[in-house]
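One chain, chain A, links the two complexes that follow: it is found with chain B in the first and with chain C in the second.
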Partner chain A sequence: MSTPVTTASRPAPATSGAQGSAPRLRGPRKRTEGRLPRRSVLLTVLTGLVLLYSLVPLAWLVISATKTQEGLARSFGLWFSGDFALWDNISETFTYNDGVFTRWLLNTVLYVVVGAGGATLLAVLGGYALAKFTFPGKRAVFAVIIGAVAVPGTALAVPTFLMFSEMGLTNTPWAVIIPSLISPFGLYLMWVFATEAVPDELLEAARIDGASEVRTFFQVVLPLLAPGIVTVLLFTVVATWNNYFLPLIMLKDPDWYPLTLGLNSWNAQAATAGGEAVFNLVITGSLITIVPLIAAFLLLQKYWQSGLAAGSVKE
Partner chain B sequence: MTTLQPPAAVKRRPAPPPAKRDRRSWSGWGFIGPFVVVFAFVFLAPIAYSIYLSLFRDQLIGGTTFVGLDNYQQALQDDRFWQSLARVSLFLAVQVPIMLGIALLVALALDSGRLYGRDFFRISIFLPYAVPAVVATLMWGFMYGTRFGLVSDINDALGTSLPNPLSPDLVLASIGNIVTWEFVGYNMLIFYSALRVIPHSLYEAAEIDGAGQIRVITAIKLPAIRGALVIATIFSIIGTFQLFNEPNILQKLAPNSITTDYTPNFYTYSLSFSGQQHNYSATVAIIMGLITMVIAYVVQLRGMRKGA
Partner chain C sequence: MRMNARRLLRGIALVSALTLGATACGGSDDSAAEQKPVSAKDIDAALKKGGTLKVWAWEPTLKKVAADFEKEHPKVKVDLVNAGTNADQYKALQNAIAAKKGVPDVAQIEYYALGEYALTKALDKLAPYGADKLAGKYSPGPWNSVKSGKDVYALPMDSGPMAMFYNKKVFDKYKLKVPTTWDEYVKTARDLHKANPKAYITADVGEGGTATSMLWQAGSRPYKVDGTKVKIDFSDAGAEKYTDTWQKLLDDKLIAPITGWTDDWYKGLGDGTIATLTTGAWMPANFVSGVKDASGDWRVAPLPQWTEGDTTTAENGGSSLALPTLGKHKELAYAFAEYANAGKGVQTRIKEGAFPATTADLESDAFQNTAFPYFGGQKANKIFAESAANVGRGWSYLPYQVYANSIFNDTVGKAYVSGTKLADGLKAWQDASVKYGEEQGFTVEK
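Up next is the complex of A and B:
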């Protein structure tokens, strides 16, 4: 029984900087080359329970989106009702209330493109700087950012609102976009990723050739960071697309609502006096809201999974 | 950029860095600068501003006056605050271990290579993470509900009398279920990514020694992913202490079960936006932030020390 000793003497991957960087990035795929263990039906069934738990609510959503409001109340949740109303629901979702849903969708796209795009840009630049440069104050920058990650984001929300309201920024898109620009998790991921993926020798070579820092960044570094960038972009897109609390406190005017707030207001409408219940639209709108993100995660699987695998090395 | 570098900067550098980058010590700022500027504006400035706010009180008579630490004293004696904190603490003690436990078991199952259709499992269980909290809560809320929910369907079909998940006694557990559903896959992916980078040679050595699956898990896999376990735990603690979205949205469907001070964060929100008590709200937010930081820090210290 010498194994435990060998393992115990080897600290968690966090401190093992000795291994080569390139094999580590490719690590996940290498494992499959070994002998395949025997597959287990029992284990598959047990994991299948978690799979069901994850997918049944989504199935409920898809099925419910095909029902009329009356069909929702009448039929069993996990099976279709007689009339198939999906297309009617979709067109009604987009046209109800002068097409305000379209407006919310465009607002969400605006917040995502500028907010998540900007957050990714800042995280990529900053992560690269932390990974590959020594500069005065680096330790202080690092300490402050790591410390701030532990501050609950929502604890900041009320003070941020008060500050923005003094500055006249509330009830404008900027109130949602500016706070979205900072992703400490993205910065951390890019820092780890850039450390592994960009060889120092390559940077030296570019510098000896006389390339400017900007040119080196765009022509040498950026292509190497691509999987990490896709990963950070996906996670910042999810964060901004799904954002609820920040717009809730910052925005009063429904014209600036993102989809999340809009759906919530449609749902709340049924509870108000004289409000029309539009549960079929809430459900169909919910489905439309999640389709783009799920599609993005499925289509970009290859990239974000390798990005995450590299990120996990340093944890 | 290089020309901006004052010679003094080179001398003040703390640790001896690789000599090759000496020349460029200020160029790094060109890249990190934008992040730092925005960070100062949306993180540091609000923190400073809320500390400032917490030292004042806005009264009908006399306007805004400096009150020192009175707001903090008030918060520490505020039953509504303590009750909400107790509620999220209970949530933390029950929901987080269940969620992380399921996530870990699934990650180990995926990593064992013994599943049929591993990639399908991995991506499908992760998918709920892409669903906004608003949609997740509305969806589960409808399914819980009596109007066209699954619970009433099941009661009708089987003649059972399952209790209403949105009743005051059960609503916290129902919220726990929503949060678990949203984040099991996310945590599973963190664990799974960490498991995949364990060097294969360790398993071969264990096999030669005749170690079984369970032994490999406890002696190799779990120690190797301790970092990921600590990170996931800290994220979950932070997430739990700032619980807001799910109770806030569910309140529309269960107004009698969820009060406006249901969680600490809900309480600060209500104080600020219904009560107009900005100063007191900032105080409660700061106290919650401090509590979160202390607990996250303790978890990190304990988690990392075991690794030494």
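Up next is the complex of A and C:
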């Protein structure tokens, strides 16, 4: 019961300042491991509420995905209707409109692999360089990164659109991929992580042994950074997978839509003269859309938890 | 004058669209100040030569039309893109025009939004293509809607002469009479809600398009437009009739607070919560696909009247196909618009459930005698066609109606949720529309 709660509530401290709060959360728990765990009714109730709060929408989604268009209107939201149509819904989702959903799914995967993958790569390279090398202007770079973390991407979307349309990049996948490559928060996280996780002595030892900087980076540093990399990767994957506003203004051609835009266009269909209401497909599509994210979190859970904590405790 | 950021952005979009129109007029060759006439021969030649035509439209029936058009002209490829519905597409179109990139060759634009594009010279005049000869083909409502001054800026695609859809099952159950006047409508609303507190005569949370159509039918003509000179006045007798009646419904909470086009709304239409719907004749297709459960329950009746025995109606919704000035392949674009809206495409679209704007089709026996299984076999098109013939004359929208409708909820919408009177709401809407018009450089007469 308690495991899902902690995972579900973890993203909050992570975004607000993972370095500060994570160790304090973990520290005391380690010390109490030997004794009987303390129980608090209040805390149990609170975590129960949070669990309910986060699981009810998910339950609604799963239940609703089993209903037909008529069943959705006919039945209570949080319980099943008579006809179980999940499999029909799934197959219709993939075949509706000549199977455009598959195309959107592949687009999203493309944006995530290139965009989030690239963002992570850049964050790792930059974070390591900033942590372990001194060069003029480092403080200025720091100021820029902190500033960039504070500016929401949404605010930059319109200026980016105007710039990209000058360059003729709108309505191409690049319009989504290029802005996704930049992750100031990821860079900041990698910087802090690399500072702590890679001992200077180790780098010196490698250099004395005659390893080139490139070799040091790939063979010595990268393995040490692995937990941090997974953390940053998860952040950027989630951000790119859920990206809505940027593709909304950049893309007009449904062939390049990611899932978020595609589902929205299906939803909007119901609101137009002569349009076909396909709420059942919108819901089933949404469920299919979140499955890979949930899978990624569950599979990489171990890494990214240790990623948040590691590097924050000084030996 | 202080402007907030959103308004500033809109201003910029409009200004850049204006300058764009100006430069396009002065500079580029295919749309010089005086558009040169395009003959039928030019169009034929272009069709033979072929090319890829970019069409932005969300109208679902165009898919089949585009396929047929490609079959008839094998060298032409129609790239039909749904760039968003209604306001979403206008935003995209405005962006594309401002950036001078990615502007489609043909764009679907609703009647109420057309004025804005005509005024900013973002659209080709269609008379040089021969569109003026089509005047007799369309019913007067839609044809007037695609004109601005003397110029034709688009070809009418469909129309929305209003009628009243009512749930017969609900009416029968509570032994209600189908109202023929708005006074009867209010009485029916009371009787229904008394008989079943969960049922409402209709659903409305305040929506500009519906309200303007109601005003239209009531004889109000709040907008007078002459180029950049605009007059906005909601104090005529027609507006008063509308606010008086609708206020009664609001005061007694007889209207379901359900936003149109949401899943809740579809649900309400299906389960008897929403008993009537006064809207455009394009609605049947949405009933068939969105409210499958209530098949056979609904019927169509003429729009209730303000004076007993009258037959005046109004248009609600409907859209056109226009040729953006910055688009390419002009000849192909016009050929497609004409094919879809005046040629063979019309029949194709009627078969797919669209409601035409062409008189020949509206008056044809085949059309009028079509029985709708959804409406229990009723020949609903007869009612729609009669409504189309009786649309009140002389209505015009603002050249910035898209914006005006977008602030409807901030002003008139208050009457739906608080003690504000509907009439005061209209006054507030008028003031806000006047202010915006002045900011945009219109000469606004109050």
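Just so we're on the same page, the second predicted complex is superposed on the first by the 271 of 315 C-alpha atoms of A that agree within 3 Å, B and C clash if a C-alpha of one lies under 4 Å from a C-alpha of the other, contacts with A are read in each partner's own complex, and residues count from 1 in each chain.
Criterion: contacts are C-beta pairs under 8 Å (C-beta built on N, C-alpha and C of every residue); 3 or more make two chains touch, one makes a residue touch a chain.
Small disclaimer: the values here were computed from a predicted structure and weren't measured.
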(message) Output check: A:E276 vs chain B and chain C. Expected answer is one of first, second, both, neither. What do you get?
(response) second
(message) For the three-chain arrangement built by superposition, which of chain B and chain C touches the greater number of chain A residues?
(response) B
(request) For A:V141, decide between first (touching chain B), second (touching chain C), both and neither. (result) first
(message) Between chain B and chain C, whom does A:A268 touch in the aligned arrangement: first, second, both, or neither?
(response) both
(request) Could you tell me if A:D253 is touching chain B, chain C, both of them or neither one (first, second, both, neither)? (result) second
(request) Scan A:L72 for contacts with chain B and chain C and give back first, second, both or neither. (result) both
(message) After the superposition on A, what does A:G168 contact: first (chain B), second (chain C), both or neither?
(response) second
(message) So chain A touches chain B in one structure and chain C in the other; where do those two contact lists coincide?
(response) 72-73, 158, 161-162, 249, 268, 271, 279
(request) Would you mind writing out the residues of chain A in touch with chain C in their complex? (result) 69-70, 72-74, 158, 161-162, 165-166, 168, 170-171, 249, 252-254, 265, 268-277, 279
(message) Can you tell me which positions in chain B touch chain A when the two form their complex?
(response) 1, 9, 12-14, 17-18, 20-21, 24-32, 34-36, 38-39, 41-47, 49-50, 53, 102, 106, 109-110, 112-117, 121, 123-136, 138-140, 142-143, 147-150, 153, 157, 181, 184-185, 189-190, 193-194, 196-200, 202, 205-206, 209, 211, 215, 219-220, 223-228, 230-231, 234, 238, 241-242, 244-245, 248-249, 252-253, 255, 265, 268-269, 272-273, 278, 281-282, 285-286, 288-289, 292-293, 296-297, 307-308
(message) Which stretch or stretches of chain A touch chain B in the complex?
(response) 1-4, 6-8, 10-14, 19, 24, 27-28, 30-31, 34, 36-41, 43-44, 46-48, 50-51, 53-55, 57-58, 60-61, 64, 72-73, 76-78, 121-123, 125-126, 128-130, 132-136, 138-139, 141, 144-145, 147-148, 150-156, 158-163, 178-179, 181-182, 187, 200, 204, 213, 217, 238, 241-242, 244-245, 248-249, 259-261, 263-264, 267-268, 271, 279, 282-283, 286, 289-290, 293-294, 296-298, 301, 305, 308-309, 311-315
(message) Taking the touch rule as given, give the residues of chain C at its contact with chain A in the complex, in rising order.
(response) 9, 56, 58-61, 81-86, 88, 92, 95-96, 99, 101-102, 158, 160, 260-261, 263, 266-267, 270-271, 280, 282-283, 285-286, 289-293, 317, 319, 352-354
